[in-house]
Amino acid sequence: MLVPLEHVIALSAVIFGIGVIGAVTRRNVIVILMSIELMLNAVNLAFVGFSRAWANPGGQVFVLMVITVAAAEVAVGLGIVISLFRNRDSVDIEEVSLLKW
Amino acid sequence: MVDTAAAATDTTLLRWIPFLPLAAAAVHGVLLGLVRRPLSRRGTIFLSCGAVLASFLISLFAFAELLGPEGPRVRVDNLYTWIGAGKFSAEASFLLDPISAVMILVVTFVGFLIHVYSIGYMDDDHRDDKGFQRFFCYLNLFTFSMLMLVLGDNLLVMFLGWEGVGLCSYLLIGFWYSDRWNAYCGMKAFLVNRIGDFGFLVGIFILFWALADVGKPTVAFREIAAAFPQIADRMVTLPAWLGGAQWKLATLVGLCFFLGACGKSAQIPLYVWLPDAMAGPTPVSALIHAATMVTAGVYMVCRLSFLYAAAPGASAVIAWTGAITAIFAATIAITQTDIKKVLAYSTVSQLGYMFLAAGCGGYAAALFHLATHAFFKALLFLGAGAVILAMHHEQDTDKMGGLARAIPRTRWVFLIGVLAISGIPPFSGFFSKDEILLTAFGAQSIPGNTWLYAIGVVTAALTSLYMFRLYFRTFHGATRLAPENFRRVHEPTETVRYPLYVLAAFSLLAGFVGFPQVYGDWLGIPDSNSLAHFLAPVLAGGVHDPGVSHGEELRLALFAICAATGGLLVAWWLYLRSPELPGRIMQSFHAFWRLLHEKYFVDEVYDALFVRPTVWISDRVFFRFIDAGLIDGIAVNGAAHGVQALAARGLKYAQSGLTQSYLFLMILGTVAIVGWLLR
Amino acid sequence: MSAGAVLFYLFAGFTILASLGMVLNIRNTVASAMSLVVAMISLGAIYVLLDAYLVAAIQIMVYAGAIVVLFLFVVMLLNLRTDVFPVARSRLPKLLGIALSGWGLWVFLRLLAGTLPAISPAPEGFGGFRELGKALFTRYVLPFEVTSFLLLAAIVGAVILAKRRID
Amino acid sequence: MPDLGVLLKLLFMVIVVMAALLPVITWVERKQSAVMQDRIGANRADIMGIRAIGLLHPLADVLKLFGKEDVVPLGANRWMHLMAPVIALIPGIITLAVIPFAGVYDFGSGPVSMVAADLDWGMLYVFAVGSIATYGTVIAGWSSNSNWGLLGSLRGSAQMISYEVTMGLSIVGLFMCFNSLKLQEIAQAQDTTFRVFGFLEAFGWVHALPRWVSVVKLPMWGILLQPLGFILFLTCIMAENKRPPFDVPEGESEIVAGYHMEYSGMRFGLFYTAEFLEVPVIGMIVTTLFLGGWTIPWLSTQKIIGGLTGVLGVGAATGLCFLLHVLSFFLKVIAMIWLQMQIRWTLPRFRYDQVMDLCWKIMLPLSLANVFVTAIAILALQRLYR
């Protein structure tokens, strides 16, 4: 193998961290969804790395599952975004704070 | 001693005996409870009676199978492992040995007859449309439970049936629940039985604890019997709050089990529920509260005979309790006027006889009397039921008299029953009661066994006295009915009458299965007491030898006959010859008469001692203070109010509605966990 | 250092830069989306380097080809030229969150060193569609089916949500 | 590091396509439209009076486009606006890398596969790359700050995503038949023939069949195994290319020029090139998948080489065979290009909703049905022949 597994996992961790930061700090709902996608990708990378390390296809199978789930999530999430935009004319997530005391 | 722990033939026949009635009951229950479409009368009859008849036939077959080959007469039908925990495993399995064979025959046969009888008896019950099917549903359920009880291979299955019959008795006593009094009686029966069941359970626990202590954790009868000698003689120290005395384990366990028997079989001090149980329909009184369920205690004592044989103390207690109960109930019965009450007290008294025999070691005698009593007492109850039907649900003998002309058939069968219970030869009661008295007379191991015998004889005299009193007051003398009512008295229908005939035949002949050896020697019949020999292999002590010479035995029998006839004559003199006499006696001994008539005020005493304090405590302390005050007030509502206040003060501000703050908190938690895991 | 390693670190750099670009570009949503695409494609390349060919192809097809296009589609549908939002209500927790996640990341990376097995050369046909297909339809068939149901639910949900009127 | 052979093959493809095919295609497009519309067509461009029936027009176009000013409209996102055409062009070019333009030959130094990158997952690669092409459209329309462009790219993205789904499903059946995703393998698998009524043997009365039954043989081409798949795939991939009749993203009569209306000069030329580049690429893919790729019907490689060896010796025979294969490949490709032209100039533009309905309501179910039927047929045949 070309690089040690640690580096792969480290890369995945870094990407995940970036995704977290994006999800926490950005206020544009769409960008938040993107950040979530980024996190999912980080997880996928970890899966692939491990599945390569142990020569076990299971990890890649689960990557496929994750991709499917991501697609579903995006479809629904963007649907929500659209209806949200229709109602509030904004994609600022802090606009959507009705459900509180 | 039972040595058949290993030698048992497997069979798959037995399971059908209890399960057919269960299936019938289940069908009824589903139709009534879920589908809510009651079956037609014909269908109900066919289903229930058919199920019981089938299980009776199967029982006959199994019995024949059992009689066939010599050797260990034990059949086991193992369904599955009910409870398996480590070394301990309780099988859901049925055991057929001579004891349970006799029991299932009695149960299914009498049960079937009473099912048939109920067709006619419940026919005029129009209190609610579903009543008919509901009644048969309960009857089938009872039959199932009773069969579980007698067929159970281990204490747990037996206990299952034990509770089941208790439940069914509750349901059937309060069958006409619209009447508060019936509901109350059912409740009373249930609660009093609970006390007994408690004793039973404690017995099981102690026994199991001791067996596990010697490395044989089991509840199966035969294994217990095999392992019992190891633990029979060890001493148990009661906890300090029970006096901390040293008890022999066998005695302790035996007494615990006997407490259960007292509850189920209505012995002092727990007999009070049985007379009130007469609130149920008469077939119920006949089946449950005379023939089968109340004898469960006797059955249990015989089933555990190996235990009681090793516990003379417990046996003495049983014998004395039985004797005292017998005479006690008999004296009460003398003054009762309600036809069913009289029979109820006589049942208590006869059960006392059985325990007397069992306590004195005559387990075969006890079972013998159990069987005969099942027949003639069922006969008496059903006859009483016929009378009650004829009288249009009038039970008070003060309003009867001279019915012999109106309902001759009923009168004759009833007479047979009376003769049988009074112990007039050659009716079945004579043989069984005689054997019991003999056993009591010969039981040297029991302190004061001669007194037991004396009590037995006196009770026999009293028995024939009150039974003939009942008979004369019901069927003879001048009628106390208004003429137009008297004209409306009529014979019951066939389905009511034919069971009476069959039972009459059996109460006439059933005695000969236990034909004493004395007369057997006259007629040159070896082993004439076939029942005893049949039961011998599974009973402690085998064929019980009272150790009384033949001449002595004959003299005792003569004595008993004299006592019975004496009672008969007294009754005849008092209630036919000079009917005004009882009134005068009542006047002169009024206080004593009242004492008897009010059943020694036992109910009142119990009410004052136990019921009222319990009710007071549970109402004032447990309900109003603990439940309503502490639990509802402080725990439940208090917690709710506290949480509400907390949330309203500060917690709600955490609910900012900002999705990202939630997300942030989530990440906070995750990071914390990860950090802690990786620390 | 082998050519594969060079490519790996190259694409790793691309990925990180693109992700940062996506997160930090606070003016232009489409630009964020585009940098996300770059990240996806570089990840796909990394998958190729890790012998996960099928996953790489699907990564590019689904993520780059469909999901992000969907993002762009929505952005354009809502016609968000630039997203300038009023001042945020809560900054502190976010910064704290960043710090904490950074710390957690650091701990993780520090503990990562030398804990994982060395990677052996991949067996023949590893990561190919044949092997994965076999695994997917034999051993993991239940998750597969369940995921298909999830997709169905998602389709229905998306349609219902995006409809103008629910009639 | 890629060796020389790979580079050579790639260069061969790129040069052939870009330098030879593209200009010709533009010319053919003009001429064919003219023929079909009963015009003379482009014929005025000349060098010192030599017109060469308009063959110089492509050159003139290129010169003109280079000469024009490259306008970036006001309020546009400059970088993206500049990048979009490149993104649009790249996928078409790099797709060429996996297309086998000839078979596998042994010139004495081991077998050489005549494809730049002989990937196991070649077809997936094609899909992946093709899915990137969407961005060109999307970015172009969005970045050039214009409502027409925005509408165009909206339509474009929706259309391309939708048709990718059906495109993928429509050739699953083919993969089942050839049991591979490797384009070279698919092509080789088609380098043979199959007996039309061969399956009748399975019923055990083949001896009762007339003699000619086992003589009638057809080349094992995808189009013969998967006719429905062929139609679906061709439709989808043409829709991907957004040329008429699927040119709703740039419908001149509705949204002036759609996503590239704000482009001018060579950047527009790049979009233009991209579209025309897609045409031969599509032709190549379809040829490889459905028309037997480089194979020559009824003449398998072994037959050719075996037949010619006696005359020319092995090396020359192989070389000749190679040339023949390349020839047949490009003939088929040109045929496919002509077919696309035909369709492009025959059918009018669909309405947008028609495009979507065609994709989701007609072709997707059809492709699914195709997959099922194929699977069942394959299983049945396996049963019969076992």
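Letters A, B, C and D mark the chains in the order given here, with residues in each chain numbered from 1 onward.
We take it that a residue touches a chain if its C-beta (ideal position, glycine included) is under 8 Å from a C-beta of that chain, and two chains touch if they have at least 3 such contacts.
It should be emphasised that the depicted structure is a prediction, and the values quoted were computed from it without experimental measurement.
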Co-neighbours of chain C and chain A - touch as defined: B
Pair joined by the larger number of C-beta contacts - A-B, C-D: C-D
Distance between chain centroids, defined by C-alpha means - chain A, chain B (Å): 72
Chain A-chain D separation of Cα centroids, rounded to whole Å: 35
Between chain D and chain B, distance of the C-alpha-averaged centres to the nearest whole Å: 94
Chain centre separation (chain C, chain D; CA means) in Å: 30
Overlap residues in chain B, where contacts from two or more other chains coincide: 656, 658, 660, 664, 667
Numbers and ranges of chain C residues touching at least 2 other chains: 54, 58, 66, 70, 75, 77, 89, 94, 97, 101, 108
Contacts with two or more other chains, residues of chain A listed in rising order: 20, 24-25, 27, 94
All touching chain pairs, where touch follows the definition stated at the start: A-B, A-C, B-C, C-D
Contact footprint of chain C on chain D as seen in their complex: 1, 77, 80, 119-121, 124-125, 127-132, 134-135, 138-139, 141-143, 150, 153-154, 157-158, 160-161, 164, 168, 181
Chain C partner contacts - residues on chain A that touch it in the complex: 1-11, 13-22, 24-28, 30-31, 33-35, 37-38, 41, 44-45, 48-49, 51-55, 57-58, 60-65, 67-76, 78-83, 85-86, 91-92, 94
Residues of chain C defined as touching chain A within the complex: 2, 4-5, 8-9, 12, 15-16, 19-20, 22-23, 26, 29, 32-33, 36, 39-40, 43, 46-47, 49-52, 54-55, 58-59, 62-63, 66-68, 70-71, 74-75, 77-78, 80, 83, 85-86, 88-89, 94, 97-98, 101-102, 105, 108-109, 112-123, 126-127, 131-132, 135-136, 139-140, 143-144, 147, 150-151, 153-155, 157-162, 164
Chain B partner contacts - residues on chain C that touch it in the complex: 89-90, 93-94, 96-97, 100-101, 103-104, 107-108, 111
Residues of chain B defined as touching chain A within the complex: 652-653, 655-660, 663-664, 667
